[in-house]
Amino acid sequence: MDYVYGPGRNHLFVPGPVNIPEQVIRAMNRNNEDYRSPAIPAMTRTLLEDVKKIFKTTSGTPFLIPTTGTGAWESALTNTLSPGDRIVSFLIGQFSLLWIDQQQRLNFNVDVVESDWGQGANLEVLASKLAADSAHTIKAICIVHNETATGVTNNLAAVRKILDHYQHPALFLVDGVSSICALDFRMDEWGIDVALTGSQKALSLPTGMGIVCASPKALEASKTAKSLRVFFDWKDYLKFYKMGTFWPYTPSIQLLYGLRTALDLIFEEGLDNVIARHGRLAKATRQSYGWKNDIVISFILKCIIYFVYHFVSTPSTLVPVPLALLKKRIAVEAWGLKNCTQKEEWYSDTVTAVVVPPYIDSSEIVKRGWQRYNLSLGLGLNKVAGKVFRIGHLGNLNELQLLGCLAGVEMVLKDVGYPVKLGSGVGAACAFLQNTTPLIASRI
Amino acid sequence: MDYVYGPGRNHLFVPGPVNIPEQVIRAMNRNNEDYRSPAIPAMTRTLLEDVKKIFKTTSGTPFLIPTTGTGAWESALTNTLSPGDRIVSFLIGQFSLLWIDQQQRLNFNVDVVESDWGQGANLEVLASKLAADSAHTIKAICIVHNETATGVTNNLAAVRKILDHYQHPALFLVDGVSSICALDFRMDEWGIDVALTGSQKALSLPTGMGIVCASPKALEASKTAKSLRVFFDWKDYLKFYKMGTFWPYTPSIQLLYGLRTALDLIFEEGLDNVIARHGRLAKATRQSYGWKNDIVISFILKCIIYFVYHFVSTPSTLVPVPLALLKKRIAVEAWGLKNCTQKEEWYSDTVTAVVVPPYIDSSEIVKRGWQRYNLSLGLGLNKVAGKVFRIGHLGNLNELQLLGCLAGVEMVLKDVGYPVKLGSGVGAACAFLQNTTPLIASRI
Amino acid sequence: MDYVYGPGRNHLFVPGPVNIPEQVIRAMNRNNEDYRSPAIPAMTRTLLEDVKKIFKTTSGTPFLIPTTGTGAWESALTNTLSPGDRIVSFLIGQFSLLWIDQQQRLNFNVDVVESDWGQGANLEVLASKLAADSAHTIKAICIVHNETATGVTNNLAAVRKILDHYQHPALFLVDGVSSICALDFRMDEWGIDVALTGSQKALSLPTGMGIVCASPKALEASKTAKSLRVFFDWKDYLKFYKMGTFWPYTPSIQLLYGLRTALDLIFEEGLDNVIARHGRLAKATRQSYGWKNDIVISFILKCIIYFVYHFVSTPSTLVPVPLALLKKRIAVEAWGLKNCTQKEEWYSDTVTAVVVPPYIDSSEIVKRGWQRYNLSLGLGLNKVAGKVFRIGHLGNLNELQLLGCLAGVEMVLKDVGYPVKLGSGVGAACAFLQNTTPLIASRI
Amino acid sequence: MDYVYGPGRNHLFVPGPVNIPEQVIRAMNRNNEDYRSPAIPAMTRTLLEDVKKIFKTTSGTPFLIPTTGTGAWESALTNTLSPGDRIVSFLIGQFSLLWIDQQQRLNFNVDVVESDWGQGANLEVLASKLAADSAHTIKAICIVHNETATGVTNNLAAVRKILDHYQHPALFLVDGVSSICALDFRMDEWGIDVALTGSQKALSLPTGMGIVCASPKALEASKTAKSLRVFFDWKDYLKFYKMGTFWPYTPSIQLLYGLRTALDLIFEEGLDNVIARHGRLAKATRQSYGWKNDIVISFILKCIIYFVYHFVSTPSTLVPVPLALLKKRIAVEAWGLKNCTQKEEWYSDTVTAVVVPPYIDSSEIVKRGWQRYNLSLGLGLNKVAGKVFRIGHLGNLNELQLLGCLAGVEMVLKDVGYPVKLGSGVGAACAFLQNTTPLIASRI
């Protein structure tokens, strides 16, 4: 079992499944229980109530389905649509591609709006399609909030604005697999009809629970949707909700207790603080890969800084802020690589896809990280296979874990022949984190 | 979380989810891992190979799907059949009912063969239907091997014999949810085309893995089956099997390690020994509920026995066997209740549904067991609600656990006003077990 | 590791180490922590406060020492006494013997007061010794509250009464290893100077923490006690208590969290309820081993009962109480064995030592239980080796666990050639428990 | 319990208790067991045999005592010496101080040989004392192999050489608490008579097991040693070893299984590889704190390097080695702090005590690390309180964990006002590790 044993902890930085907090591992360390005893329904009631908070919905109805994200997709589609229905769907990377593949195999009439991988959803095309659809033949808009393959975050508020602008009644279905609980997500405010995520992503649980949340409009649609479905049918859940026993079939007792604890941890930290932490770690990551000095300018600026620093600062006083900023700006000799994401507006705060130079195969980076440093990075997928590696920075994670990962990436880059200055990316990330990390609230 | 805390262990005797062995709980006590690293595929390869052994198949192809039994049903049906296909399906209790409901909602043309609850599948009707179907309009036979609601085990070998007799090419689909790993099950020998089970049953894992095994003929059928499917589509699995990465979407790392350990434990004990243990515990259970002396006959026979015993036996010699047997037969003043299962040939070795007298509500028994003795029994479902309670005796379980349960049932029976002689059922079960339990192989 | 693997749970009924509740196992399932961070002292503060409640003391000072009961003994002695000090110590079984051995090896002048094994401490001898000791040469009375080897509980209140009667200033040192948290124990009320227990007994934790509680008088004595000690020296603990860091050397982080949870569970159930539960399970155990009908009387009485029962009772009405009692008295055909404890006043509510007939070797019973039924019973020790086996019924345990154990004992007795009527002991225990077990408070 | 909750993993870098590998946490996640069943002695036998390997002894006798390092000290002393015996003991830091305090309180006649904190044992004084002791009044030499407070490793081979040179029969007692399993340690080759360690150090277990290993000469000495002892008496262990039951009192079942797994992991990695890994991580740590450029020299050299680099290197070719080395030498702008250890020969490979500038209180660093970055560092103790902080780099640990810690230290240093260049220490450590870290054997 442990034939791949290496000393120390594995550094898990794939964008899912992510690190499970010790508290959750503990909570799940248990025997099975009778799910028809009063205990499990009582706990389920709290879970359904609390899980709505992570979607930021009060009117939605959540379903905790024993499945994965792929199953959650299927649940969203088959409960709200009928075969042949026209839907608009955005293709911007591997996971949106897979969802579209599912949509097509389920016999929907899919209007694919494709962007280059690394770009966000093309909302102008959406606008024009809606503008042209006064007959309301478009039944649903399907969009991946955060494309995990390229690290691109789409603007959901903008989608809603366009829908409202054209007063179009299409359902708004959102894959929030790598966003919910990590990125700003507002189901009610943005008028999302079905949102979904998976337990193994920002909730930091094991795989096995697909969480789908339906708006009243989506529930209404499910009454007439003709897609065949049984396992994924919301109707069976709703029947058991009504009876107060909640489960049409056996749930994972362990995942229920795990979810209870995961939600407790999120609420203790504060959902908005959790989201802010994701933003902070993502920005730190982006400090590390990016900037590399032009050598000459750097050299000259450094001369100036060094001399100023030498005469002005003494160890006991901090360098005046403007100087410090300038210094930081220059001192940062980060890796000099590019983000797969092409514009800052799309930068993902849960996963960063870093583009490697053409003479390097990014899958070598992933392999090397695992073989030498017990580091797990994400591969490039499909169109970007070999071209990017991915750093997942979502879930229950903190600053030093990320910095350990970045240090590992630096060494791996050097291992595979990329001339990185060791410490440069970590230093850049540190500079950002040292300025922005709050004290841990419970320890002040 | 533990607002239902009671001292000591919970006695879990519902017919699923069942007790998880400590070894498996330990194996699952872990963080997530990257399922794309070499470690997980390497382990998966051993799992797929070994899981075939519990189906007793060498030619089958197993799928480990992140779902429940209900999802496994759907996988079996949608991969092999097309909407409108005629299937013969046996209704003998709640779980066969639910499967038939699924079959109908998936738009198959279901020929339901109903029996009274407590009886096995009516195979004569099957024979006549097959005899009449020279056009081979029947595409599949769907049968639940062990009906968990009534404790009825169907004769799969007989089904195969009938199919062979009529040389009928219908697919043979079997729900083995509460049988596989516990009852005699022979996929290849009995020519089963799709067999399925769930992790939380005799495998003694948490819920969350539906295990489906397809014969070559079933795989062939899946190429032309027109039922829409994506999440449950075998094709995606087969594609990843070919690539050696095995997983079309994220599996539960914890369940994989759990399954590895569960299989190791089963192989250590020996699959046939595991099945024999289930037979032994089931027979012991049947000793306890059943027989009750007519008081007068019992009284007279006891007089004889006691006197014989008094003069013949000495403490250091065991009573001669024939006498012992007679004595046992009489000494057993068990509960005097009936099995829901109406003939011995259908007695289930994984779950026993005990019929209570009409003046008792069986759900009171279940409630009382949980409230007073930390005992979890199975409710009566649907047609037999209030009329039976169920003792699940499947999974990783031993003699004294069962006897503790039976002692609890006796006290509960008395609690709810049934005049049981305390100790009678346990004594009867003990008498059987004390004669039949082997030494634990590893401790001799 | 698991070369002794057998299916199902081990039934642990040795009188220590005892079953750990799942909640505690979970709480201990964790990494190490820095014990000098603010977290551990803050938790320790609550532990020291709460652990006093299980001693029923407000004035005592507890020490949580990384050691076993043997080390706790040494801590009690060396901190309060000087070499050559005269102490009175009661020898009534193996554990009092071992403590006396320790006392002698630590160079105290031990006045041993011996009783037959199976009897309690001879307090008359104590009275006469105190009466004769007007010079107060006796510095301490050492007594084991509950002798684990014979299942004998001494009367501590009586010891205090005698000390008070003679106004004797001797220190009162009590081994509460198999009593505290399970039997009625009142440190302050009974004027106990040092009381001690071990984590693996009624607290239901792993082995590794010796808990010693010192009265103000004992603390005072420690200032002048000349026995050499360092590891066990209270002085070092007190120094760190004062500093608020609490630990003179590294504690087990896991045991601290385990203790926190164990205390929480005890307080949730209520300490007095925990003690009452121990009394109830012990009485049930004593029902099972004891009484065996004279066959003839039993026979006649049964005739009467049966006929009365037949005509008087109907299934829906309960048999009138007096009749029920008579019936129970007779129906109980328990094992017909004797308790090693010779008088009811000494019966232990945490462990029962059952005497086997001379033609049986009790160690065969223990061996057989383990080899065939995965049952762990206690051996007879020293003088009673081969003569008794012991059932430990202490710690976090409930009715059905005990009944499973008793059923196992019955089968083992039969295995080794003792003519027990199977079900008789369990039935007797059930009859008691079914009348006395309260509903689980949290489930009503 | 988790009122100090912070997101993500705690970064545990105190020099004990250290990180427990997941495999060991899993192995310890279990119920108690009867330690008198055949299973525990059988496992104990393998533990005693295998634990000798980590001492590199074949003739020694190990004792696994339920205690801490302090108790292990007491066991070593009281079993081999008599009150009044003259011993030579080296005071070089807080832990040697505490051991000497114990020696004095146990009434030995201690010849203290003191060094400045930060220096190793003064072996010249030892030589002169032995030279003068032709009467062999010195009964034992007591030395701490690795002083955890200052990060100083003593030269045990040199001690043996001196003893041999004077043919002195004194016992050679060694505290290997923070060395065994991490540093080069050779009990037999160096003629050590008693060596000891604690479970929570390099073995990476929870606290609670003191492991003491005695040479035949030490065992012989124990027969006549007059120090009073019971709990720590080897005699009781030896008696139970002979009987094959091994335990004079209850061991921690969990720690036994934990030790089994810890040893298995060590043997899988290879003990010498474990030791080499400690050396590598320690050297990396020393790269980070140490060197800081003179600004002017650095500036000029950098100019040269940069220009050479610019014209000579291309991305696809690596910079020629001599240039790379020069570049690295200069590029390293590490923290510019000093090691508390004053000479390289004493550098510890398990803990590094870093001296902070006089204007910083090192305890602020430790506090800040915990409050802001969930980082646990070691405090300065006693004479060096406030002056040093300590990085423990022992136990089951890998490169990226250490680098995360070093990144944290950098940020903390900046937080408390020390002008560190962020990334400099990590970069220096990376440069060393990227050159020296082997591939993980099981993953090649």
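Observations on the model:
In this document, chain identifiers A, B, C and D correspond to the written order of the chains, with residue numbering beginning at 1 in each.
Simple rule for what comes next: a contact is a pair of C-beta atoms (placed from the backbone, for glycine too) under 8 Å apart; a residue touches a chain by one contact, two chains touch by 3 or more.
Going by UniProt, the chains are A, B, C, D = Aminotransferase class V domain-containing protein.
Please read these numbers as outputs of a predicted model, since none were measured by experiment.
Each of A-B and B-D has its own count of C-beta contacts, and the greater count is at A-B. Relative to chain C, the most remote chain by averaged C-alpha coordinates is A. If each chain is reduced to the centroid of its CA atoms, chain A and chain B end up 40 Å from each other. Averaging Cα coordinates per chain places chain B and chain D 54 Å apart. Multi-chain contact residues of chain C, defined as those touching 2 or more other chains: 3-4, 19, 22, 25, 27, 29-31, 38, 370, 443.
For chain C in complex with chain B, the residues that touch the partner chain are 2-9, 11, 19, 21-23, 29, 265, 268-269, 274, 277, 295, 299, 302-303, 306, 310, 313, 315-316, 318-319, 331, 357, 359, 370-375, 396-401, 403-405, 407-408, 410-411, 414-415, 417-419, 421-428, 430-431, 433-434, 437-440, 442-444. Per the touch definition, chain B reaches chain A in the complex via residues 1, 3-4, 10, 12, 14, 16-20, 25, 27-39, 42-43, 66-71, 73-74, 83, 101-102, 105-107, 198, 200, 206-208, 227-233, 248-255, 257, 260, 370, 376, 379.
Within the complex formed with chain C, the chain A residues making contact are 22, 25-27, 29-31, 38, 443.
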